[in-house]
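Each in structure tokens, the structures are laid out below.
Both complexes shown next keep subunit A, but they swap its partner, so subunit B is in the first and subunit C is in the second.
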Partner chain A sequence: MADTKVMLMQGNTAVVEGAIAAGVRFYGGYPITPSTEIAEGMAKRLPMVGGKFMQTEDEIAGLGTVIGASLGGLKAMTATSGPGFSLKQEMIGLACNAEVPCVIVDVQRVGPSTGQPTSPSQGDVMQTKWGTHGDHWVIVVSPSSVPECFTLTQRAVALAETYRVPVIMLMDEIVGHMRERIEIPVSYDDVPQVNRARPTCPPEEYLAYRAGESGVPEMADFGSGYRWHVSGLVHDDTGFPKSSGKATMEAENRLRGKIMNHRDEIIQVERHMLDDAEFAIIAFGGAARTAYDAVEMARARGLKVGLLRPITIWPFATHEVRELARSVKGILVHELNCGQYVISVKAAVGGACPVDLYAKYDNESATPEEMLAEIEKAMKGDGLI
Partner chain B sequence: MKEALVEKYFRAGHLPHLWCPGCGNGTVLGAIVTAIDNRGIDKNDVAFISGIGCSSRSSGYVDFNTANTVHGRALPIATGLKMANPKLNVIVASGDGDCSAIGGNHLIHAARRNVDLTLIVFNNSIYGMTGGQYSPLTPVGSRATTAPYLTIEPAFDILDLARAAGATFTARATSYHVPLLTSVIEKGIAHKGFSVIEAVTACPTNFGRQNKIAAPALMMAWQRDHAVMKAKWDTMTDAEREGKFPVGVLSERNDVKEYTEAYDEIIRRAQGVSA
Partner chain C sequence: MRHTFRFSGTGGQGLITAGIILAEAALLDGNLAVQSQSYGPEARGGSSKAEVIISDEPIHFSRVTCPGTLLVMSQEAADKFAHDCTEESLVITDSLFVSEVNANGAKRIDLDITRTATRVCGKPLFANIVALGAVAGLTNCVSEKSLERAVLERVPKGTEDANRKALAAGFSLASEAQGKA
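This part shows the complex of A and B:
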């Protein structure tokens, strides 16, 4: 076990440290509340490890430089919040279609538009899935604590590299700005590194988008002797544009398959006090923090309540939620928006048990007492108490 | 251009290109690969990044590290790539609309930073891919599908714009002046810093037809008759310059630190290494 140090750290700073530990060596971005500390941290930390930081002219260029740096072989990342996340959508589409690994941190604020820049919200849940135009598949993960900001950023980088896909780290103002105890390695030298698969075949045999069983093609760094073509147009395994309907279907099928065929490796949930639970809360990110206390308070009153906390938001934890619905008699989804994630929960549950929504969108996270009241209300409604 | 250069630099199986008969884009692309060949740069060390539009399709034809990216935003992608690997010779191909309208912000900031990129602006004065709409470089008084009553917007001088924003090398030539075009691209690649080369090219299909100069030969003749070598331009009065434009290397300065080299100083400072 490597030497560790204990610190009091902000979530956004833990993202910076997680990125440095994971081997991120390029950051391009634009200041925006409540994510700015990530840019500030990267500006300070990256050059210390020989990496590079750029404050770009706008949000779009931020992700543009990240895509360019990733083509050049660096692990690369950007961070933003709602308005900036909206601006980045076209570049996210390019990264999806051209399969350029990158991590985009979205520290959510209240929206739409300028909204409430310093108040917590989880209103971007659906945008992370459907933000850019066209069918596309990305991976979205959401941390609930400062230590998890550190570990999940590393995992986001690993997922991006493994599946050659944009990975969105969906945070909220609560987790981004909260300070907590964290124990991290003194040195990152021994942190395991996950790197994209690079070709080993002779360059003349390299087909840039030929994928083996994994569905993920090997990716050559620009300048490494493998000359290939990147395009946002629909392309075949050569990487060059193909306009046939068959080519479109094959491309879409592979882009979907490389994610969905690995859903068991990609999807993570935390199951808390669920073994004997009659009733379950589903909550993620900052909103899940309230649930731990609410579960404890409910248990003290003799109510068998547990928590399912999705860590991977997209692809959706369909099997896990479906299984939960078979083991409990009611589910309460809590999110800091008017009800986004609940749509997918209801689709997965399919009527196997009642699903209620505790939506909160008044700039504040719920208190455990408020959540307990919602739990009791839902359980009464479901005839459980 | 020489057959051997086609063989060496163009991707087998990807020609013929999609450009219309009489289009000048092929001539400009020919000048770019000739310039690269003249510089003796290994193909593995060239990245060729383009945006979206007719001219941006050029990246698919040439055998380098290539990317056909998003509309107007090849420059940020090229900048990130150059930061990741400063040894690459990064060429950016962009059209007048791509570069001066949707990508205008990226242009001025790439110029301000003085990143060592070579930007070739294929200026055909029109949006060709979408069928003939006016761009910020369309001369005022032109007809376009979105200007059926003629354009009223003055055009940018893209090189004045780039120079004012900090570009340390600017040059212009046309698809008529091929040796000159090749030579200024070569100089732009050699220049350490942000180079902008405006290649005035002809779009008979979408600009010419709407503006009654549809014959490609007439468009070439227009380029010949309106371009003036820089040395002569400098001696002309404002009245003599009316309707004409200068060609050749228009500006070059070497007193501004190149961006990736400047960033190396940041790394040294962050690591506590004194310069």
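This part shows the complex of A and C:
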């Protein structure tokens, strides 16, 4: 076991440390509240490990430089908040279609436009899935604690490298700005590194988008002697544009298949006190922190309540939610928005049990007492108490 | 064991730093701690609050409701952040800035925090460290040794002596107040 150190650390800083540990060596971005500490931390840490930090002229260029660095062979990331995340959407589409691994952290703020920069919200749930145009598949993960910011950033990097896909780390102000105890390795030298598959064939035989069983093509570093064409246009194995219907279908099927055929490896949920539960809360990110306490309070009142905490937000945990709906008599979805994740929960549950929504959008997280009242209200409505 | 704190005042008084130091001291004692904060979009000024929860059990919900201890360093903060105090709360106010607090019958201790910082360290800048000493002295939430270590690890080089004095002055304010009570 490697030596570890115990510290009080902020969530945003734990993202920085997780990225450095995972081997991220390029950051391009533009500081924006409540994610600024990530840019600040990367600017400080990257030069210490031989990496590069670039503050770009705007949010779009932030992700543009990340895509460039990733094409050059580096693990690369950026971070932003709502207004910047909106601006990055076009580049996210390019990274999807050109299959460029990258990590984008979105520390959510309230509202559309500049909204409320310093208050917690989870209003970008659907934007992470459908923000860029056209059918596309990304992976979205959401941490609930400072230690999880560290481990999940490493996982986000690993997923991006494994599947050659943009991975979005969906955070909120609660987790981004809170400080708590974390135990991390003193040195990251022994942290396992997940790297994209690189071509083993000679350069003249290399077809940039020819994929084997996994659906993920091998990726050559730009400038390494392998010549290939990068385009946002629909392309065939060569990377050059192809306009036939067959080419579109083949490309889309592979982009979907490389994610959805590996859903069991990609999707993670935490099940808390669900073994004997009659009623379940579904909550993620900072909002889930309230749920742990509310479950304990409900249990103290003799109510058999548990929590399902999705760690992977997209692809949606369809099987896990469907299985939950078969084992409980009611579900309460709690999110810090007017109701986004709940849409997919209802679709997955398909009427197997009642699904209620506890939506909170007043710049504050729900207190455990408030959530307990909502649990009791929903359980009464479902005839469980 | 569970202690909850809300440090409130004006942006620039160092209350978020004070919250971080208190949480770090709790970790040095081997306990768990969570620190959170809230502030407006302004770069400086505006009311500011830092919250800390110290416990020997896992802490999930990170905000403080019904603070065990409320530190108030401005009148605006007194008006804004005392609403959820109870009779069990302890409200510590800085006599220089705070006149009235409506804290639902909480016990109030009025201390010369900023005046003491100016007197002992020559600058009101050290008021947050004086306040930390007073809070720790009145609540016994962290050990004096861990708090001093946490302060010294966090403050700029060259200011260690002044901070040590500020902390000691805060503990003295606490014991004087306890002597009176």
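One rule holds for everything that comes next: the second predicted complex is superposed on the first by the 385 of 385 C-alpha atoms of A that agree within 3 Å, B and C clash if a C-alpha of one lies under 4 Å from a C-alpha of the other, contacts with A are read in each partner's own complex, and residues count from 1 in each chain.
What we mean here is this: a contact is a pair of C-beta atoms (placed from the backbone, for glycine too) under 8 Å apart; a residue touches a chain by one contact, two chains touch by 3 or more.
In this text the structure is predicted, and so the values were computed from the model without any measurement.
Enquirer: Tell me the contact category for A:Pro117 with respect to subunit B and subunit C: first, second, both or neither.
Expert: second
Enquirer: First (subunit B), second (subunit C), both or neither: which does A:Trp228 touch?
Expert: After superposing on A, A:Trp228 lies in contact with subunit B but is clear of subunit C.
Enquirer: By the touch definition at the top of the document, which applies to A:Ser365: first (subunit B), second (subunit C), both, or neither?
Expert: A:Ser365 sits against subunit C, while subunit B stays out of touch.
Enquirer: Considering only the touch criterion stated at the top, classify A:Leu87 as touching first (subunit B), second (subunit C), both, or neither.
Expert: After superposing on A, A:Leu87 lies clear of both subunit B and subunit C.
Enquirer: Given the touch rule stated above, what does A:Glu180 touch, subunit B (first), subunit C (second), both, or neither?
Expert: Touch status of A:Glu180: second partner only.
Enquirer: May I ask you to decide whether A:Gly64 touches subunit B, subunit C, both, or neither, giving the answer as first, second, both or neither?
Expert: A:Gly64: touches subunit B, not subunit C.
Enquirer: One more residue to check, A:Gly50. First (subunit B), second (subunit C), both or neither?
Expert: first
Enquirer: Given the superposition on chain A, which partner contacts more residues in subunit A: subunit B or subunit C?
Expert: Of the two chains, more subunit A residues are contacted by B.
Enquirer: For A:Phe240, is the partner it touches subunit B (first), subunit C (second), both, or none of the two (neither)?
Expert: In the superposition, A:Phe240 contacts subunit B only.
Enquirer: For A:Ile168 in the superposed arrangement: first (subunit B), second (subunit C), both or neither?
Expert: The answer is neither, since A:Ile168 touches no partner chain.
Enquirer: Output the subunit A positions appearing in both contact lists, the one against subunit B and the one against subunit C.
Expert: The answer is that subunit A has no such residue.
Enquirer: Would you mind writing out the residues of subunit A in touch with subunit B in their complex?
Expert: That would be residues 26, 28, 44, 47-48, 50, 52, 54, 56-58, 60-62, 64-74, 76, 90-91, 94, 98, 221-225, 227-233, 240-241 of subunit A.
Enquirer: Could you pull out which subunit A residues touch subunit C in their complex?
Expert: 6-8, 33, 117-119, 174, 177-181, 286, 289-293, 364-365, 367-369
Enquirer: Quick one: in the complex, what on subunit B touches subunit A?
Expert: By the definition above, subunit B touches subunit A via 14, 43-45, 47, 49, 52, 59-60, 63-70, 73, 75-85, 87-88, 105-106, 108-109, 263, 266-267, 269-271.
Enquirer: Residue numbers of subunit C touching subunit A in their complex, please.
Expert: 20, 23-24, 27, 32-41, 59-63, 65
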